[in-house]
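Here it is: the structure, laid out below.
In this document, chain identifiers A, B and C correspond to the written order of the chains, with residue numbering beginning at 1 in each.
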Amino acid sequence: MPLDTSAYSLALLRVDGRRWNELRRIHAQIRTQAAADGSSYFEMGHTKVMCVVNGPSEPGPRRGGTAAAAPGGGQSKDAEVAVSIVVAGFSSVDRKRVGRGDKRILELQSTISSALTASLHTHLYPHSTINISLHVLSQDGSLLAALINAATLACVDAGIPMTDYVAACTAGSTSTYAANDESADPLLDLNHQEEQELPGLTVATLGDSDRVAVLVCESRVQVGRLEGMLAVGVDGCKQVREILDRVVREKGRRMLQEGTVEKGVGLDEMDMD
Amino acid sequence: MTVTAAPQAALSVLPRADGSAKYSHAGYTVTASVNGPIEAQRRDEHAYEAHVDVIVRPAAGVGGTRERHLESILQSSLTQIILVKNFPRSLIQIVLQIEATPENDYVNTKLVQASLNFSIMPALFQTAILALLSAAVPMRATATASVVAVVPETKSKKLVVDPSPRELEAAQSVHVLAFTSQGELLLAESEGDFTVEEWDEVYETAEDVCCKSETSKSDVDMMLDDDDDDAGPADMHQFIRSTLEDKVAADLHWK
Amino acid sequence: MPREAEPSLNEKQFILQALQENLRLDGRQLDQYRPLELTFGDEYGVAQVSLGKTKVFAKASAEVTVPYTDRPLDGVFTIMTELSPMASPAFEVNRPNETEVLLSRLLEKTVRRSGALDTESLCLVAGQKCWSVRVDVHVLSHDGNVIDASCLAVVAALRHFRKSDTSMEGGVLTVYTPAEREPVPLGWLHSPFCVTWSFFGDEGETAVLDATRAEEQIRVGSCTISLNRHGEICQIAKLGGTPVEAVALLQCTSLALTKVKEFSTVLDRKLAEDSKRRDKSGRAAELTAENDR
């Protein structure tokens, strides 16, 4: 076991020196690519992802690998959200080639597509496609959460109407599933090492509410532990949402100052709230 | 697994397919579904007739060249009897799912590459025909198939209908023959070495299995309904016929 | 390929309206499964599960291979799910669609990654020879809730399966054919089952178990929870869809546990019945052998 779980109970500090309810450093930027309709860059500790949104636009020739959830984006009444994820070869320690048909990636794509479809007002754009392409530059745990956050930011930047932010983070528990000790603490925002050793889950919530859009747990854990982990996760999502909101507002303010955008009627309204 | 057991069949076993059938005989169990006529893909579309698509799926392991070979044999013979000209630009899709094959207890099999052989052909063929009938796909005739192996014995050679896996190993040649309900030869595939005389014998045996009653007796009406003649699988045509009669009777029971 | 027909507007409205009044088209309770049928084949490792009109067939098989170089002490265990046009003409051969990818990932996480099968017991000679166990899942008829049915079929097939007996003597590995020695069961650690909730309504406030195909087509989200009867979660997957209250998800989990316990009892009972049936014939076979001698 590379992770010494016994040290935690002594100092109540995790391997990277955080306390149980601390997020890692989150750094986010929006409008990073000038050519795209919307773009973002998101860091959660050492997990770094980039997102580019194009659309809503007329569906082009269908490419493979996209999550075709809605039957035929071209014909349906709602816009189709097509997500593609590229994992860079240098993103993790072992250089593993990830094929196009990798089922884990396909599952991530379908999850993100489905989570955002529920938040975006896709009914405003019939017969069209919103293309979200995500690039994973560096991986250190909480990959799905980082991807969702980046996609949300890029959609905000692209100006696609949505009900609220979809903010995500991970939560875990300090002992393995076998140990049935009651003293196990929940943990917030797992890094790669913790993700390997401890049970954990990824949560994404809609805005400030307690409503869970995505809940993915891939490890064995006692059912009694779920409640604590979920509560911590949902709480973490709210913190993440605050950070995302700050980034968006900061960028908006700066754009007004620089005169990149004129202070129009629509933006006036936005300033007021 | 007793090889002499009479064949068993059920029609319309799958609620969502247009037509389906389950058939088991000689240790083989096959379920078939037929969908059609449905919209054909551009690459399969034929301007004047329906494309018949046959998919054979082994119970374990992925299909390989042998399955493709069986598919192509089935496809070409079924295309002959389905009235494909009635449905231009469409597709008739037949999926044959193998559920059980007789096991050879004396050999440890390799399973990742499923390799089917001719002995499963009658089961596939009969199931496909039953499923097509259940889907009410128009056909010019029904057809049945049988497999005959020529097994060498100490002095002479012996013909075995529906050979077991062990007999198949020992066989010199294996033949699949299919006959339409009019008694015409629809399909003849052979592997191994054999003489013309042997083939003639095989032909007669297979014809016997498939359509004995048509050739020997003129009145075929009711006599096959008594079920005590299953010592040798009496006649495949009669079997298919009685299966359908039973199904129709059951479906129209309310009348 | 022909697309799956979508339910009409009237149908949608009708089903949704009924669900709001806690009614379902087939008269079930919201948290009630359709009649479950589980049968085993004549061979070992063949299980057929039907939930109403959904029919799934699973077959387990094993062969001796070389282990992966990075895991010399583990056997190989794979679950193959390939949806054929038999289930619905919308599925194409050799082109995995989303349903198939999600199904295979879920089974992978539920059965393989949760360590239900003891892969270390599949090792024969470290780094050289091991068993490769493989389960093929065939969906014969797709009328909703293929996930739960497939998971049950896979677990049932694996627990029913017997692999050939082996022995090691003086560095020589012998694999006995079924005729020489009675095959042996797999090293099984726990039995996980999937329970899928479907959510309806604008806020996903109505949760329904074992949705039919029509219900699946109009649901706004779903959540698959895999548990074993000891109350261990093996996997949870709520992959997007309309957001649902966290508290409701917790309730779903605890309700799922009771369902899993039911599944577990049913499977244990069926396995016991089957082994009793086999034992009878087994003894009869023994007797005839003695008489021959």
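Note that in this section a contact is a pair of C-beta atoms (placed from the backbone, for glycine too) under 8 Å apart; a residue touches a chain by one contact, two chains touch by 3 or more.
Since the model is a prediction, treat every value here as computed from it, not as a measurement.
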| item | value |
| --- | --- |
| Most contacted chain pair (by C-beta pair count) | A-C |
| Most central chain, judged by mean C-alpha position against the global CA mean | C |
| CA centroid of chain A to CA centroid of chain B, Å | 54 |
| Gap in Å, rounded to a whole number, between the CA centres of chain C and chain A | 30 |
| Per-residue multi-chain contacts in chain B, two or more chains | none |
| Complex contact set, residues of chain C against chain A | 3-4, 6, 96-98, 101-102, 104-105, 108-109, 113-115, 203-204, 220-221, 223, 227, 231-247, 249-250, 253-254, 257 |
| Touching residues on chain B, where the partner in the complex is chain C | 1, 14-17, 31, 33, 35, 38-39, 41, 55, 57, 59-62, 93, 95, 97, 99-100, 103, 105-112 |
| Chain A to chain C touching residues, read off their complex | 67-69, 71-72, 101, 103-104, 106-107, 110-119, 177, 201, 205-206, 209-224, 226-227, 230-231, 234 |
| Partner chain B, residues of chain C touching it in the complex | 1-2, 41-43, 46, 53, 55, 57, 59-64, 80, 82, 84-89, 93, 132, 134, 136, 138, 140-143, 164, 175, 177-179, 213 |
